[in-house]
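Chain naming follows the written order as A, B and C, and within any one chain the residues start at number 1.
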Amino acid sequence: MLLYIYIVAITAEAMSGALAAGRRNMDMFGVAFVAFITALGGGTVRDMLLGNYPVSWTQHPMYIHITILAGLFTMVVARYMHRLHSIFLVLDAMGLIAFTVIGCNVALKLEYSTTVVIMAGITTGIFGGILRDLLCNRTPMVLRKELYASVSLLVAILYLCLRHWGVSHDINLLVSFGFGLALRIAAIRWRWSLPVFTYAPGRWS
Amino acid sequence: MLLYIYIVAITAEAMSGALAAGRRNMDMFGVAFVAFITALGGGTVRDMLLGNYPVSWTQHPMYIHITILAGLFTMVVARYMHRLHSIFLVLDAMGLIAFTVIGCNVALKLEYSTTVVIMAGITTGIFGGILRDLLCNRTPMVLRKELYASVSLLVAILYLCLRHWGVSHDINLLVSFGFGLALRIAAIRWRWSLPVFTYAPGRWS
Amino acid sequence: MLLYIYIVAITAEAMSGALAAGRRNMDMFGVAFVAFITALGGGTVRDMLLGNYPVSWTQHPMYIHITILAGLFTMVVARYMHRLHSIFLVLDAMGLIAFTVIGCNVALKLEYSTTVVIMAGITTGIFGGILRDLLCNRTPMVLRKELYASVSLLVAILYLCLRHWGVSHDINLLVSFGFGLALRIAAIRWRWSLPVFTYAPGRWS
């Protein structure tokens, strides 16, 4: 079940990467490259941070092919994508949650402490988008936009609490996804956001 | 002793990260995230380069908490920070030196060659600031500004020479810190800088 | 033989890094740093992705010295470099091909699957240039320019096919270099390029 959601997730993330590459007029190679890194970069950074070798996508070439094809496919269908706007946002939110839960599980298996497990979940969830924005030379959206990274944080905490309280894994997944999706959609719908820190003057750093 | 300086150092670096995030109008999450990466990113890159797993902060959740809290705290006190300008610069310089010495020691323990030990010291000293600037979409300061990275380089060399000559560790630390602080403060005071390379024309690369 | 080409390659890449740093008015330290990362960053990212520790340049301090000296040397000769434009492009292309072949071989030795071997070749070939452009705050050239990354991709595929068909290593190298050089030079000469993806509207991602 989580596997199917994961494949939908990397497809959605790859498409978001391809669109960002398109805004920078990249060529086909650049589009495929950014799609790949957006979709699989978060998990890669997590594995490299945790020393979890071999890095997961190196053992599943299929994931590489899916993300590259999704990226190239986006070049063709981009002009129709505004019609699918809402569906895409839901898939993207599902990806965020799936990545977060998977990231937590990898760190749990390696017996890292709770804080690190949460960091691993967030890293998996948001770092692909951060790398996408770095490659496209813009300030990472996820550090500025409406509740996005925070959804990842709260889902990670909820998932670990339910797990700690002995809730069965299936129910835990269901509750975590329900909560995360509802929160993310509500955040988009009513434009919820965290306080923004604006710092203007000063000469240093 | 080095531990206390280290904690002061990551606090100062986290605050410099938070201020940079504030210049990009990031939200609370972004501020905490950039603070964390600025403070602990240098050591992380060093550990990943040297294959020094587990990465050090994953074994010390307290460091994670300190940097995140320091980042959020900065949002509150930012308006008063210009008054603390000079103190902050000294703390930042102490951080640079502490990071450099710690980075050298990690590579020494893993028995890397001298050149690599120096690179490890510099990486620990300056890479947090480089990642901060990448996340905030600006050309890294430390590669342009007055003597900063060079202080890290010279401190690393001095520290290794004294160590090679059999100077006791405490005296070595004292001399290295004294030299580094004096050099950095003098560089700020009299605007010392390295020759700048300006290349304008040409079409390639 | 491949070793000599490799040394020419890291020198050429270091010089391209130094020139990019010069466009951002970096100081001597920044120039040396960007030169080092441009030349050795691709191999570093590959080693970190594949878990191939120790990272190769940490075992060959000479490579570090070469790239730093090449970077500093570029500050002196930059004004004359436009006369060497064509030679430089050929050296840069040889570097791209040498890096690609070396990257493939590292992944082959670690017994990764074919897709990952190709990714390792491309990563070694182009990631130094990507890191250079990130440090210089611009959208990576290799994801936008005329056939460059694609040359790396095609060379990797050709090299693996010939290897698979039992062609001797020397002839394989000769053919791969011949093909890659010819393709790259033709691409520059006649401005061949891949289709570009331009995406303008939309609010998401």
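Definition applied: contacts are C-beta pairs under 8 Å (C-beta built on N, C-alpha and C of every residue); 3 or more make two chains touch, one makes a residue touch a chain.
Values in this document were obtained by computation on a predicted structure and should not be read as measured data.
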Quiz prompt | Overall pattern in which the protein chains touch one another (line/ring/star/complete/other) | solution = complete
Quiz prompt | chain B on chain C, rotation in degrees - Cα superposition, rounded to nearest 5 | solution = 120
Self-check item: Approximate Å spacing (C-alpha centroids) for the pair chain A, chain B
Solution: 29
Quiz item: Which chain B residues reach two or more other chains?
Solution: 48, 134, 137
Practice problem: Spell out the part of chain C that touches chain A in their complex, as residue ranges. | Solution: 48-51, 112-116, 119, 130, 134, 137-140, 142-145, 149-150, 153, 193-202, 204-205
Quiz item: Can you name the residues of chain B that touch chain A in the complex?
Solution: 16, 18-31, 33-34, 44, 48, 53-55, 58, 61, 64-65, 74-75, 78, 81-82, 85, 88-89, 92, 134-137, 141
